[in-house]
Amino acid sequence: MRISPASLGLAAIASCLFAVPAFAGQSPIDPADTAFMTFSTALVLLMTLPGLALFYAGMVRKKNILATMAQSLAATAIVSLLWFVLAYSLAFRGDGALIGDASAAFLRGIGLDTVSPWARTIPEMLFSAYQMTFAVITCALIGGAAADRMKFSAFALFCVFWLFIVYVPSAHWVWGGGFLAQWGVIDFAGGTVVHINAGVAGLVAALMIGARTGYRKENFSPFDLSMAFVGLGLLWVGWFGFNGGSAEGAGSRAVYAMVATHLAACAGALVWSGIEWLHNGRPSVLGLISGAVAGLGTITPASGYVLPWQGAVIGVLAGGICYWSSTALKAKLGYDDSLDVFGVHGVGGVLGTLMAGVFATASVSASNGQAGISGLLEGNPHQLLVQAEGVVITILWCVIGTAVALKIVDLLVGLRVSSDDERLGLDLALHGEALHQ
Amino acid sequence: MRISPASLGLAAIASCLFAVPAFAGQSPIDPADTAFMTFSTALVLLMTLPGLALFYAGMVRKKNILATMAQSLAATAIVSLLWFVLAYSLAFRGDGALIGDASAAFLRGIGLDTVSPWARTIPEMLFSAYQMTFAVITCALIGGAAADRMKFSAFALFCVFWLFIVYVPSAHWVWGGGFLAQWGVIDFAGGTVVHINAGVAGLVAALMIGARTGYRKENFSPFDLSMAFVGLGLLWVGWFGFNGGSAEGAGSRAVYAMVATHLAACAGALVWSGIEWLHNGRPSVLGLISGAVAGLGTITPASGYVLPWQGAVIGVLAGGICYWSSTALKAKLGYDDSLDVFGVHGVGGVLGTLMAGVFATASVSASNGQAGISGLLEGNPHQLLVQAEGVVITILWCVIGTAVALKIVDLLVGLRVSSDDERLGLDLALHGEALHQ
Amino acid sequence: MRISPASLGLAAIASCLFAVPAFAGQSPIDPADTAFMTFSTALVLLMTLPGLALFYAGMVRKKNILATMAQSLAATAIVSLLWFVLAYSLAFRGDGALIGDASAAFLRGIGLDTVSPWARTIPEMLFSAYQMTFAVITCALIGGAAADRMKFSAFALFCVFWLFIVYVPSAHWVWGGGFLAQWGVIDFAGGTVVHINAGVAGLVAALMIGARTGYRKENFSPFDLSMAFVGLGLLWVGWFGFNGGSAEGAGSRAVYAMVATHLAACAGALVWSGIEWLHNGRPSVLGLISGAVAGLGTITPASGYVLPWQGAVIGVLAGGICYWSSTALKAKLGYDDSLDVFGVHGVGGVLGTLMAGVFATASVSASNGQAGISGLLEGNPHQLLVQAEGVVITILWCVIGTAVALKIVDLLVGLRVSSDDERLGLDLALHGEALHQ
Amino acid sequence: MKLVTAIIKPFKLDDVRENLQQLHIDGMTVSEVKGYGRQKGHTEIYRGAEYVVSFLPKLRIEIVVKDEQVQAAIEAIRAATNTGQIGDGKIFVSPIERAWRIRTGETDNDAL
Amino acid sequence: MKLVTAIIKPFKLDDVRENLQQLHIDGMTVSEVKGYGRQKGHTEIYRGAEYVVSFLPKLRIEIVVKDEQVQAAIEAIRAATNTGQIGDGKIFVSPIERAWRIRTGETDNDAL
Amino acid sequence: MKLVTAIIKPFKLDDVRENLQQLHIDGMTVSEVKGYGRQKGHTEIYRGAEYVVSFLPKLRIEIVVKDEQVQAAIEAIRAATNTGQIGDGKIFVSPIERAWRIRTGETDNDAL
């Protein structure tokens, strides 16, 4: 449960005593919430491995399929290890407005009975693992923007720097009690931290690395959309853990988040493909799955704050606006974001973070006698303003941080493969392997 | 837990008070059951996306793979939205013998604390989402019968009409307290509502749309059975949520249902492929996976009423009878049900619904001091009779309703693609995309 | 939770009374643990269907893809049915030092309220189903060593004999209260029972069946590594259920096991592919996924006994040693273990079982006031010795039992396909089907 | 001997095979090709960008026949494949100087 | 008429098509092939075992042209495909005796 | 120059390549084809319906050689592919009038 910072302090102690009455006086760890969060953690990991790997690999050309998958696995391995080494602690421990502390570096201090103030009914180790899966998928998402031309070594190194420069502070600001949380920014499951960050970083990467050779001249159509479809299916199911699990426990708020998420995906898929139907005379499978992901990404920050039917409304907006940003806007600006990480996640993340400020319904986020968050529709325009501030700050920091990270990596190993390797395909050039040969 | 209607009334109130003692006096919502049902809901969604999409797409020709997948996604998006708009309410709210009411249309009246009489320990929103996944997969299943030749627009529209004409009433009759439930028909997880409905609707669609061009002359062998295999794997795992989750809570009845389900799948796979081995000299992979699905579909209505080992017996019957109906019977009758929705799900659904009446063991469905349901083997031939009545009524209504729905769609947009488009393949003709090009 | 045998006896009764206080005096079945174990069971099934099927099929040549998948399904169906017929009872019922008894044959005596002493808070039926998924995947794993040349009939029969000759006794010795458990061997989720058994049986099978025609001359490179990648993803996620679920309930020990497992996979992937990078100039996708599986397999026996960060250390060792055994050692010894079941699972299982004896940290396995297990690092060298004994006995019995099982099958149906069938490919030869035709 | 090469629409293969069988021409080799010609390809739209797919899937059938069978073979192929629609394809005839059946060592006309 | 067969590197197809179009040669048939020649393949390492992959992916382009177009066609292909690097490929010319357009029955030069 | 085309069983490719290499014939182009001939296909049964799969996977090997190498090439191919079993395949020889190496512009025999 993302708890608004105002609710901390004395309330924290109080709720420990009263929130879980059947277990009062015992371990604060609730087996049902633990089961639920374990399940959510597995689902979010499933989103990256193999979900995102399939989704992305299905949209590239045949010669780059394995290399695209390798990026997801590398992000998982590298980010997970660094998470426990230090990143978790910097993001979720300590009171700093800008950054946490190193009190749980190398997992020190996370015992069998430790709980985090951010998830008071499950082992802190589980909370940390759950949050790890978010950091993993955020880094893995970025890879899609630079697909087909970024070096594997460069991507692996980039994950290291970007995690600490961009992700960790950003997560701390919004979820770890940092200044954005103190300002009142709400972000249930990662509109700013995950989607804006991934989308904006993807855009910066696409610009700094440059367009694929042959962009807008050669046919870059996906080799195997059935793979991308399966990836979308796993992402969708996994998103139940992503958004539902962000309630940090089994209960109605988690259920509300899941239903809002599901409806947003449905609406996004229908709207995106519907626009295609009107424009091009037929709905593409790529459009159906892109729209679903747009809906899923966009509802994410709002999911635990809004009523389920509002998820459908947000999904409609997501389908339309992300369609526009991934086609017209991209064409106009001319950058080559291979798999539209910016158009879908970046734009969707901004939209969703703002919509959270519009649709937030107090009753959904109220808990233990504390009032929930109201948005514009409930007469609180201030929330929308705060959300916009969160968006702007996240984008600014992400642009700077990503550029710095990429610059360092460029100096160390170079960002882009040779044009011969790009021709040959990254599978053979980088990994010495090829599909179907 | 599918509760026999007789158990309602005063008993409902009583069980609210006594059934969940640790939480008595508090919210009726049990976190463990909520975690369990969340997980079950995710699993059933996984069955459609990407499970069924893969299972079906793996059995069609290369040129129709993406279009087949698109059907599953369209069914998911359309049915999910309509479910919350009105369908859920009509199926599961109100006391009508024939149909529910509109009290929860647009999710009105489903609050954070609302529970349904049909699942008293979880949020009603979760119950509704869980039931949604059943409506989704039932519609998606039908698509397989008309695969390779039905227009995408026609299938999408068909989902809209069929949901309200056939699925919603049928679900209300059996699970929403309608007249079949009052008669005592038992259907744990969808023998009538899901499998008979899907299978019979598929048959009607196959007949009304006509056979594929080249049927029984050209080689229609599956392009990529490895896809179908993966789909079967996900269906199988998802079925734990389908049948286990139909207990509506974590407990021994759910476990019994899961084990019976698993054993039925195992037995079905071995029997179907074993018959092939005898007939054709070798067991096919298609036979193994078809038999598994036959076992899974057939055990569904019986799963929470029988002993686990009886699941194996039902699986044996399913493997044999569905093999016969998908090969000999189909050949004899001459219809072209592309992916054997009728042969496997329709026939399996009938078989399983009857077998529930044969094998029902009172102790499995007994709860809170109320007696469970006995079948023929426990000396209650009446149950078998009632089951047969349920089967006949479901089939009749489904035939009529499906024909009406298809006729309307035919008038609106036409059911079948042109023969040129059929030649070219639906992927290119309907979606402008192709696999591996 | 694997309970060391010393903790049984009076302690068993005591813990029933005190361990689950909120439910004391009622059914011992805890809904949260039941939900957690249901979920774990589904995840472990997912590892075999479709996880392992994909992982293996993705590494063979095109002509053998379907046959490789068929092995996993056959193992699932056959082993599951036999499990409930007798195997479970022999493994987990009764007090024998060498073998259990037949008290639960055909599921007799496993009622709705029965619990097992090995998992006291969930229905015994669920415990049995969970353990079934372990037996299934162990048999399925062996198939990889003989892939591309073993008859389907032979593999199916082999599962029958091997289950009873090797798996059942081995599981009883370590997990069912047999003599190895009495000696104090610890094996959280299957270092001996699953991985050593599968790996050693694979080696024996590879030797007895002989190398593939063309081994070390023709190019046997994998046809579709993207399949293997997806399989790895599902295995990885499923392993949360495999190792986490072996705690037999939702709690911190399960979480520790999961995090240790995840870190071992990450470290294994990086080390294996890192060594390749040094040796061959580039990291292969096959190396990344092989390293992850090596990490996962190796941490398995240690996972619920060690601190999470120690999982990373074990993963590093696994990546290095399994790389060596699957390349250099295999080349030196000259056997043809098609998919390196021995190199990865056999060697990893030995390594992990020993490492459990090194790293076991008492606090992790302590429960209900009983001390946990300490390993070498906590000053208990004896534990390492005991582990080594467990390893040696498991290997010996497995070599003998596997050879006997294979010999019987050879006499009955012959182990290997004809060389013409091997040329043609097992898909067409054994199943009359082919991919992409 | 002549090599008769026909580029045809994929779904016409079975008809061609049947027609040739009636002439007792019982050998052929088929490959999947992509063709470019008067028949136009289609436009694919991928995330807003249009690509023209100029090459269409075709089958290439190759039959080596005795000189005296050439005319009959061509007519059999045309009969099976002529739909009157653009893109029906082409037939080319070129010389074959020698032929072997590997299994028996038979040569030329005997090898066919 | 002549059959001009070119074995080229796959990514040069579009350039060849454009060059030929300027000569108003508007028909061709393309197939995926694997080539072996002076250009060396690569080594794959699979679980410690090295395999040499000798065959490299190439495209075979076939164009049937009038005799007088042969020289121009060859030059157009060479212009598009010559990178000066080993493995650029070959062009072969062989005789075609007769040609038909299936749809219309036109023959020889008219059929192209 | 002659074009030697051999239709062979797929698994014989490496043997052919080795035999040709010993003759210093170091170039060839290979494509996957489906063949129909005296060797019968197999029957597939799909949900109770039988389909005859008449076409079998084969490889087509094309080698352009100097006139004086033709006989040796054919013998090398036969030696590698003759198993005495039906379906071993065919070898055809046809004329090549001109040849170019794209990279260097060398022609005819020098281009091979």
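Letters A, B, C, D, E and F mark the chains as written, and numbering starts fresh at 1 in each.
As a convention for this text, a residue touches a chain if its C-beta (ideal position, glycine included) is under 8 Å from a C-beta of that chain, and two chains touch if they have at least 3 such contacts.
Because the structure is a prediction, the values reported are computed rather than measured.
Student: Could you tell me the least number of steps, going only between chains that touch, from chain B to chain E?
Tutor: Each step joins two touching chains, and the minimum needed here is 2.
Student: Determine the set of chains touching chain D that also touch chain E.
Tutor: A, F
Student: So which of A-E, A-D or B-D is the twin of B-F, meaning more than half of its contact pairs are the same residue numbers?
Tutor: A-D
Student: A-D versus A-E: which interface comes out with more C-beta contact pairs?
Tutor: Answer to which pair has more contacts is A-D.
Student: Counting only Cα atoms for the centres, state how far chain C is from chain F in Å.
Tutor: Their C-alpha centroids are separated by 47 Å.
Student: Taking the mean of the CA coordinates per chain, how far is chain A from chain F in Å?
Tutor: The separation of the two C-alpha centroids amounts to 53 Å.
Student: Suppose each chain is reduced to the average of its Cα coordinates; what separation in Å results between chain A and chain B?
Tutor: Using C-alpha averages as centres, the distance is 33 Å.
Student: Multi-chain contacts only, two chains or more: what residues does chain B have there?
Tutor: If we look for residues of chain B contacting two or more partner chains, we find 22, 30-32, 35-36, 39, 218, 221-222, 230, 280, 284, 286, 432-433, 437.
Student: Which residues does chain D have that touch at least 2 chains other than itself?
Tutor: 31, 44-45, 53, 94-95
Student: What are all the touching pairs of chains?
Tutor: Contacting pairs: A-B, A-C, A-D, A-E, B-C, B-D, B-F, C-E, C-F, D-E, D-F, E-F.
Student: Name, in rising order, each residue of chain C that touches chain A in their complex.
Tutor: 21-22, 30-33, 35-36, 39, 43, 62, 221-226, 229-230, 232-234, 236-237, 240-241, 244, 249-256, 258-259, 262-263, 265-267, 269-270, 280, 282-286, 288-289, 292, 307-309, 312, 363-364
Student: Could you please specify the touching residues of chain D with respect to chain A in the complex?
Tutor: Chain D reaches chain A through residues 44-49, 51, 53.
Student: Can you list the residues on chain E that touch chain F in the complex?
Tutor: 2, 6-8, 31-38, 54-55, 58, 60, 74, 77-78, 81-95
Student: In the complex, go through chain A and note every residue touching chain D.
Tutor: Those residues of chain A that touch chain D are 216, 219-222, 276, 280, 284, 286, 290, 326-328, 330-331, 340, 343.
Student: Taking the complex as given, what residues does chain F use to touch chain E?
Tutor: 3, 17, 26-31, 64, 94-103, 105, 111
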